[in-house]
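Below is one structure, written out as structure tokens; comments come after it.
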Amino acid sequence: MNKEYWRWPEYRRTMSGKDWRKAEVITAGVDVGSVSSKAVITTDGELYAYSIKRTGSSSPDSAQRVMNWALEGTGLKLDNIRYTVGTGYGRVNVPFANRAITEIACHARGANYMWGPTVRTVLDMGGQDCKAIHCDERGKVTAFLMNDKCAAGTGRGMEVFADLLSVPIEEVGPMSFKIEKEPEPVSSTCVVFAKSEAVGLLRKGWQKEMVLAAFCSAMASRISELLEKIKVEKDFVITGGIAKNIGVVNRLEKIIGMKALPMKEGLDPMIAGGIGAALFAKALYEREQKAA
Amino acid sequence: MITAGIDMGAKNVKVVILKDGEILAKGQTLSGFDQKAAAEKVFNEVLTEAGLSREKIDHVVATGAGKDVAPYANGEISMMGADALGGFFLFPSARTVIDVGAEEGRAVKCDDKGKMVDFVINERCAAGAGTFVEAMSRALEIELEEIGALSLKAERAVPMNAQCTIFAESEVVTLIHEKTSKADIARAIHDAIADRIASMTRRLGIQKDVVLVGGVAKNVGFVSSLKKTLGVNLLVPEEPEFVGALGAALLPQKGIGGSEK
Amino acid sequence: MLGYFCTYVPEEILHAAGILPVRILGSHEAQSVTEPHIFAMFCPLCRDCLAQGLLGRYDYLDGIMIAQCCLHMRQAFTSWRIHIPTEYSYYLYMPHGVQSPRAYPYLRGELADFKKSLEKWTGKTITNEDLDRAIKVYNTNRRLMKQVYEYRKKSDPPLTGLEAMELVVSSQMTDKEEHNHALKGLLEALPERKLRRPTGTRLMILGSEDDDTEFIKMVESLGATLVIDDHCTGSRYFWNEVTPQEDRLLAIATRYIDRPACPSKDWPERTRLPHILKLAKDFNVQGTLLIQQKFCDPHELDIPVVRQHLEKSGIPTYFLEFDVTVPVGQFKTRVEAFLETFQLPTDLF
Amino acid sequence: MLEPKYKTRLLDCWNDAKQLRAKYYENFLKAHEMGGIRWAGGAWSFSAVPAGLGDDVYSLTGEPYGATVAYNKDFAAKCHDATEAKGYARDLCAYMRNYWGSIILDEYAWGGEFPKADFLWTTHICCSHAKWYQVAGELEGGVPFFCVDVSVGPYNEMNERRINYIVSQTMDGIEWMEKVTGRTYDDEKLIQAVYNECRATSLWAEICTLNKAVPAPLDEKTMYSLYVLSTLMKHRKECADFYEKLRDEVKDRVTDQIAAVGNEKYRVMTDTQPPWAFLQLWRYLEKYGVVSIGSLYTFGLTGIFEVKEDGTWGPRTTPQEKGIEIETREQALRVLAEWTLSRPEWQHFYSPELKSGMMRRIVREWKVDGVMLHYNRGCEGLSMGIAENKLALRKAGIPVMHFEGNMGDEREFNLERTKSEVDAFLEILGAK
């Protein structure tokens, strides 16, 4: 298979200055997405370690692999984890999870942790679909919308496009601004057609940067339609892979006339779901302790 | 008479050189971003393979999505017209030629001289047949060449979304997570495209014999699914992706349709 | 046996003529036979229905008929009539202007023409006694189904939303006398019937035609119960009865004009809004699933205002777009997330 | 390129059409300043009826307005976004979304704010029309709204009861109009309006009939700008007078063999509304000597035809020509209802075969070589049954192609792909 341009790089991280041995309650969240899987470990409700890996063709193995990688080098074992919540597409077959909660609830809760209680609107662009979520000051979902078929401005569309142009996905954003004039967005309603339209532009001699710009702006306008339906309320944050693609984010901010809170240092927007799941795990564990 | 046909396809450029109804040489390369340069490269490669220089070629006819930027061409013909001529040349009993490429699906009806009389192209929601299979083989982590054969080993037919390739893709992800066997998923993928291509061909009305061409015709899984859905035998040439270029090359020798560029 | 396409068909007259009306519905399978007949911009249901005819699954029908409603289903009927000819076919010009008093005499006249056409086909006259018998059987069926629906108001309803849907759809495909008999048996068993499942979140479901039992089963597997609907495969089919009067045809015409409206007949006033809100209150619904068949114009035109109305009355809604096959994986995530907004306890935050 | 075979000349009365149209939209904008009143509704509604309220009653018909918006791609895109943000689906009627978008944005396609109508008066011909104006009224903050139901079957099944159903509703409509506007109704003005409408729509049918001539005096792209007047004001005298002048000019063009397309070699016909933002496709055909002589849409959306003694189609004889004196309100409404229901573009709502029959007739009588169907995602009403029409035309041995598009939402029209389909069709016709 040729080089994989369209996958975000895999990595793991342990937050500095934290020691799990001093922690009371250690919980985990495992987000098995359609394209990438994330595992997050929290100690007493604080982010301790996380890892991001490609989702393989079997979700139970992917969950196991990404969890082991998160544990790697910390000295922690799986049975030190008091409670685990599975989320994402493959949430039902995370073998070691105590409970499954959808990524909509987890992304809202995770965004609340990462950006604080002023967050009211969370945009999550996962591999498969795009979600616009309203939440309250504690990260509880009050309403949400997911893209319907024709407006399928999914992460998937961007990945296929990056692959088509053999441009590593992290560079799609910056490259899409190396242009003199902002081109007309690729206009078609459907990702399949947007792609063939963009290929047509290439054929007309447009250079890559211009075509990337046209495609990013088409993606941004499609997401803005979803956001306009749910009425964006301040503060607005973006989670998921697309948050790292300034080509889409900057153009989206211009269309809806509102800036998203910037990404926090050391907090990858792709793990928002995993963090939310780990925090739910802590609350669920404490509820069980109180009840017992 | 020596003629050449250039098929400026979405994914690949294909060239065929013909001498009095005999294929002298053929070749293809990825279209990439500069289709004109790619076409020039492969055209000259095929020339040398045929041991000819450019002046020896009496007519060069272009076809395919990018035919306006085809180098050296002094004639053009629509993709459907080329499919009809090429399919008929290889199978004189052919009256219907189905062409399934990377982006589009097409079907053509021709008369007893190989001239196109009617055509259909796939509807918007059913676009991207070829790229759909590629994306799915990547999701299943299987080589593109193997996914066809794998689908033949399926035990049961898993229903999949009828209308839209994007939602069909996300359904495959769900099937993966529900631990459906890869063979069954592969079968579901091929059945889904076969349904769309059959649906399109029925719009044209199927007249026997039916020839299947285009890059996806090399996928045995797809051929088997389409045969089952259409309920008719399918004639598949060895190198189905060259039929368009062959049809273009045949045009000057047949003097039917097409026009000076 | 006569296949019909839309529930505005006056079944009483068919029953009076000794004809068994059977509703034509789809099979929820991918198919590749309708594209030459219906352009893909029309709803998946009308194409799925035509496919059943083309695939020969309704070969037992002696006739087909439609009562004018939306353009989509009309094409299933007109293509069927061309390519799957039956002995008898009838297009009843059911009025859309159901809020105008002029509709009653007009439909009464159309029903008289329809009655004559049936009599010509069957060679039998339809007497007033036949009509009275049919009206009585149909009113009984409606009364019994309404009594079953009453049980769904209880805090722990003794039947699921899936069972209620199967109850109404089965009524659309069987002889009403037999169906009444089965209903009476059910009504005797219901008082003691206990479901070994928690009721969970009480949901209403409304929108385009919906007989997708797979989807309903999935929703009710996630800790929720569908307690009421506003579907033509549900409450809209039997919600009002024929008020008998001397002019039997006028009585039947009045029933079909006054029944809960399909969106494309709900103008100039929006009578559906108070009707839907009353259902939600009476069955104390917590949330509503708004489903719409892809490309279904009538419901696309109503859903935005229906949604606003429900949300303003404190009932959250979630919208889902249906196709001939429903991607259960994706929809499970959406429905589960919607239910979590009710089910995740506040102390988890 | 083929050198021209026939003389060509611009239409003398072209500017009159432009002025009449511009005046129409200006009148609606300035209606209140002129002491008049405004009503809005579909182009299919009984536009002669509000004429009884006075000469200063100005209308805005939704479909031509939607097409005007469609012609300006950027403004149309803004209208689509505005409507979708309100939760309305993107596959709804494109004209309706352009119209609603204009109200939500409060921008009139001809500049200034969107003028609010005093009352809404329309007919329910497809799934959308009544709801179009129900929602429009709500978006404008509440406007009195009356809709006439016309679900009475095709013209060949017309009977007294069905005509009475429509006449009784229009009678109710007049009383309702008087109450809502506070004006007293003048039957004499209604009768004049009915005469005007019969004359205008019969004249337009006559002009279309003249296009049977070889070479065709008019091409369809030009006809779009001429037929539109009847969708704005078919009940007004200046519209009928204009068509009379146009009819005379077209007659002269036929006798002098003046062609719309100088190198006319192949004659085609299209179907449904065109993709308004991509009319250059019609000019592309002319490069290969292919002219579109019209369509059931351009002919029969307003044009009223009848079968003449020689069995061919021609303009329907008007009540005036038959010496019928309309004296009462009820008689005027009856003539209007019966005349309107005979409109060709209305019959396919009840069976595709009726439309296929009319299309075969046009191919025969207008000497057409091929048919190009626009599978128009923007209008379910006119795209209804179009696949069956294609089967019927193919069965009759008529070369036919279709291209997928949308009359009012250019996001759903792919020009490149359509050009490749048209190229292939030109090869089948032998024009390429």
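We call the chains A, B, C and D, going by the order they appear; numbering starts again at 1 in every chain.
The rule is simple: a contact is a pair of C-beta atoms (placed from the backbone, for glycine too) under 8 Å apart; a residue touches a chain by one contact, two chains touch by 3 or more.
Source: prediction; values computed, not measured.
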Check A-C against B-D and say which one is joined by more contacting C-beta pairs.
A-C
So the centre of each chain is just the mean of its C-alpha atoms; given that, what is the distance between chain B and chain D in Å?
41
Inter-chain centre distance, chain C versus chain D - centres from mean C-alpha coordinates, in Å
36
Taking each residue of chain C in turn, which ones touch at least two of the other chains?
35-36, 294, 323, 329-330
Among the residues of chain B, which ones contact at least 2 other chains?
65, 123-125, 163-164, 167, 170, 173-174, 177, 203, 205
Note the residues in chain A that touch 2 or more other chains, in rising order.
89, 128-129, 149-150, 193, 200
Between the chains shown, work out who touches whom and classify the graph as line, ring, star, complete or other.
complete
Flag every residue of chain C that touches chain B in the complex, lowest number first.
29-36, 40, 44, 294, 323-325, 327-330
Contact footprint of chain B on chain D as seen in their complex:
387, 394, 399, 401, 404, 412, 414, 416-417, 420-421, 423-425, 427-428, 430, 432
Inside the complex, what are the residues of chain C that reach chain A?
294, 316, 319, 321, 323, 329-330, 333-334, 336-338, 340-341, 344-349
With touch defined as at the start, can you tell me which chain A residues reach chain D in the complex?
150-151, 187-189, 193, 197, 200, 225, 228-229
Chain B to chain D touching residues, read off their complex
65, 77-81, 116-119, 121, 123-124, 203, 205, 257-259
